[in-house]
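Letters A, B, C and D name the chains as they come in the text, with residue numbers starting at 1 for each one.
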């Protein structure tokens, strides 16, 4: 993902979206932005993030360009200048505005962008009955693309609001019941020897998820749940952020240059204790029983070393997830405050899907046999294959139904404005 | 000024504002921002600039803090958190948001800021009959302070809109009649020997304008008008931006590192000629007869060297301006497109006031005998006295009546987002 | 390696060095620096590089600290202040001088460092008969450590001399005979299914080379030789450095920000053609038939995409290298000009060892079951396991005998001051 | 100066050097570098500084280029490539090595540079009898130029050695007798009304020192001596470096970003007290009675504000210095440790010349009527006329006889690696 999943192509052959699916996805984006002011939707708080308005427009540009322009005779672009503004990574589609300049676009306004969405949606609905199959494949792709941007819209908004001293809340906090701290981690043994991972067809997937291929697993076990805030607090209290030996070399340099001493958005209370966190419902208390989130790979790796464990590999995680329901768990179902929840009671692996993206120890590189699709749409998941790590499982900000076992999210090891968490693993 | 005129104290004894004056100033600020969207008013396009919303709120904070809080018993702050947000340089008044972070304040909204203004204005009007004299002095000061921010609001908005590929116009262009190119520069001889400059009392002035003091003038002459766009174009065509020997060492480094090849906001047309400029009325043709604007000190100095002349000193300029009407000329009178105008016909010095701030060859340093006033209000024009140059005369973005001969504007030599121009001088 | 191989521990149980081996390694370091001036040996041309003097002293510090200090009763440190100067990454061993500050150490002089080496060598020789086995293991480790620094000394010196407009030569050029361009690449099919890589014991290896473990190979083939300078020139002439679609996203940003248009040290001739290169024998002609060197991972990856191929994985490379003699090939045997040589005639895989380090498509991460050794010596190969890629096979600057199939060198994808080259691979 | 006084032309008509003067100046440069190693002389510790070798070569390049090449028929350049290496600011003389890259020149060696000096000196001595008058003027200029570089050589060496944890001493410390702390500052009233400053002819001067011109003085007094280390310590102890209100805005930003808390080269002792300083004689105790040195303009200005005073203007200083002997005081007379000395007993102004360059409150700008000389030699003192402040009087590192009342040294307000100190002034 990484603000980077800007194009791809289905890895398992054509799949057709239906119009209702399209309309539902489009409606969620609008709902997420419904309470934002024009200013909220226009500001860019860092180069990694984009304004909400940009997400809303860019996802529409995708449908306008690759479906309406290319497959609907006589379609007239909403505004020809906007292709320049709301293109993102598609070098093949010509110039685009520099990523770090997106906050300069105070115009078009949020209302104009909403009108753009309506224009595109109406044109697509009108064209639907006669849309050729390749265009329907692109609509399906565009829906998944938009779901990715729904998550980014939320995490970028969170980052923006975190910079405002007034600590504004996008939505009111949800009622929370005090949850008991989950019991100690139990280790769930994984498979050994040859296994197969990667998308095998039978449903939508991005190109980088395939092809399916063999891997060799070594004796190992996975933690049955995610690391909690209470456990992370113990790491802090034990001097985790001050102990060079726990950190990767690059991670230690990052800790020192950035003055890192806790997960992103953790805040000290008046007693200087880390008991508070900022979220889209504003300032609130850290829930000790819930999974930690907004930690970087460097932090995840250091924590695992401190805990005498390690992070899982992508193959270990993906084989373990094979039989689980990827749509069950704490996901995004609509506009409103979002957050992680304590692990439910029970046996076996829990929280594999939803709650927080799980850092793996695997670099984001091509699966054996991977080939990027030709053309602008195929530009690319492949071009981000250096320096990033794979994350699995989705988060509480991921639209429900978007994740699957083969899904590969990816970020640089220092990034942590996403809902990123930690599951431990160990050798057996 | 320099985004820096954040406090000062009258240099010539108390002067009382009347309520109508206050209300007129306040109304102009609102008028300037009347057509801005919430997003337009919230974005910050560079650390030197501030959002329009911030200017509107900060000027209100000044009245709320130094007049209402300090002099009106029982006044209740509009929102106590805002003092933190909209304070600027006043270290004595406690913490404040980092200058480069002002664009993160998507909330409070523009409408909330307008309500803040109304709250402050109403409170001040209600308190007016019983306001003690020191408070009225501060109101007068606050009016001048706000006038400075009116100019900054316009220049910051211009910078923001210049970054938008859609080239939005804040206001429609005014009708323009083709003006003949003014005749060649005529040299107006200045005084020699002892002279006196600096504010002498008898009207408002900022602390740094005084005290009045003697200087020694050397035989010299000033150009009778400002350098025009056509003359600047000749400088470009003669390779001015590519000739190291014309430039100060720091200026040459700036030209090369920034790739400077024309005044700010000049744009190439389709034939790659510099015939276009961006302004608050959008993209338009450069008027050859009008004064050049948006040039840095480095450029002004290089141009003067190329022309076989030099820049005037502050003392030369100020003594020459002594008998002229500082309210006559091309100034800001209300909301709407602004710009420089060709020199009027006639004899003697023209365009001394208005049109464009004139770079002088004088560093912005203390006048002999200068002392900063005590306290937060007195923080400071004085603290900016290193590395900057003095500019004189006001510009087309300066509210009419704000300028005077002793007025000292100041900016760093590389800055050029203000309406800055050039008058030549030479030794006799 | 990566200027990073600063500690490790044997992965396959103790191995004892003999004194002659130690003395031979120590003598080579001195020989490499024999013709350097004090100034040559003291300058640091970039933060990634270290002065030759520092390499000579740091390798001695290793023996002094971990062998003499810890295992030889009564040993008196040569100069106690030097431990601070010549420590490198060992956080566990206390403070050390910042890496980027090493060029400030104009003292101690090169001659003093040579005296330090003599002091350490004499003490170790005297202690040899009674040295306990753990200390002998550390001597063996120290010899491998010093061999790594011998290569770095050469590549750092090359970088330094490349910055001198006089283009000084460290050694005279060797006689070269015109070599025919090797024939087109032939593809050598590799194994499929389960295979085993990683160090299995039976000889020295660094900790990160183990443990031996299973991998799963997919049908593939490797090129029989390295990519040549002539082939790279065709990539340039075809616009390779100007075609965004060939590059990883990070790579394309690097090409543009650094203005990259050819391998490091390639120079244009008077006709602006890339026919020259700088090397330790000074300026010379590029040999079209020899392997390209000093290319980054980004360049290697882009070249492979342009060629319709890909880079090999570490597992593919290592299994293919299993039966080959790691000490045969173009390696470093003594002081003097170094360089790559054209592929010898013959069938099968050639140039697998020596000539140029081969970039693999594999990130430098832990082998399954890897555990860093405890203590300062064990600090670490492991701590560099993020963001870097594995290189295999050694180069013409690697001391002969230092490389082996399981050897894992690692650098960041933008680095190219090492002797890095390219072998293509493809899916079958 | 500012490492910037790279060319100039006499301001008062031709003055002829004699050969003995030339040879004496040349000998002092060699003597200052006599004890340096090749490495000491080659390292560059920051972009503002140059290697000693570069100073030795650059000053020779000046004589070779402007005297021997231009005025001695048949002169053969020592090495034609060196003109590129050792040119500095003279754009008119073609390309030159980037300033920050001078530390890369490990070759030519220090011995080669000494041979270069000998070659130039011999050629100039041989040509002397027939040297035309313009050439002799240039020799005189070259001698003053070389004296400037003698001071820079020392201050650059001091900076380099200060970065070495071994704290090497260039020369042994001189014997010091305990000096009593001078009595409190006495104020010496200066002149009022018209006065004349600037070089008036009758001896050598750089172009920027003239022309002589009138100024207008306001009632004021100067401190009779320089601020001492003990007085500076009181400023520190009173929280001077932590009190925002004492500092210029740019100065406060500098204090915070650099973590400044004392003059450069002050060091804390084991009790964390600032009782030690580093100098060219190594680490030693701070002498409380001696003038403070190595302070920036920002520090000087803040100190003056804390002391209820201000810095003198150039005109105040220069008129006060008019009758004093510029060759009396603590100056450089030969190789060996240098330092400031307590003010001698007596009445009136002391320490005006020598000890430490005195920051003035005057920006370094053109004197009225100043015109730079044509040609490469005239490139320029003039081109540094933005952003810098004037310093007066010379220092303990200035060759005796080099300073005079009209002498204008100049540095940026943050720079402090020169021997810079403070004399207070106040309004009357």
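By definition in this document, contacts are C-beta pairs under 8 Å (C-beta built on N, C-alpha and C of every residue); 3 or more make two chains touch, one makes a residue touch a chain.
Source: prediction; values computed, not measured.
Least step count on the touch graph, subunit B to subunit C: 2. Rounded to whole angstrom, the centroid-to-centroid distance between subunit A and subunit B, based on C-alpha atoms, equals 46 Å.
Here the spacing of subunit A and subunit D, counted between their Cα centres, is 59 Å. Centroid to centroid, with C-alpha atoms defining each point, subunit A and subunit C lie 37 Å apart. Inter-chain contacts occur between A-B, A-C, B-D, C-D. Per the touch definition, subunit B reaches subunit D in the complex via residues 4, 89, 91-92, 193-194, 213-216, 218, 244-245, 247-252, 297-298, 301, 310, 313, 361-363, 365-366, 368-369, 379, 383-387, 389, 413, 427. On the subunit C side of its complex with subunit D, the touching residues are 37-43, 45, 53, 81, 84-85, 97, 101, 103-110, 160, 163-166, 168.
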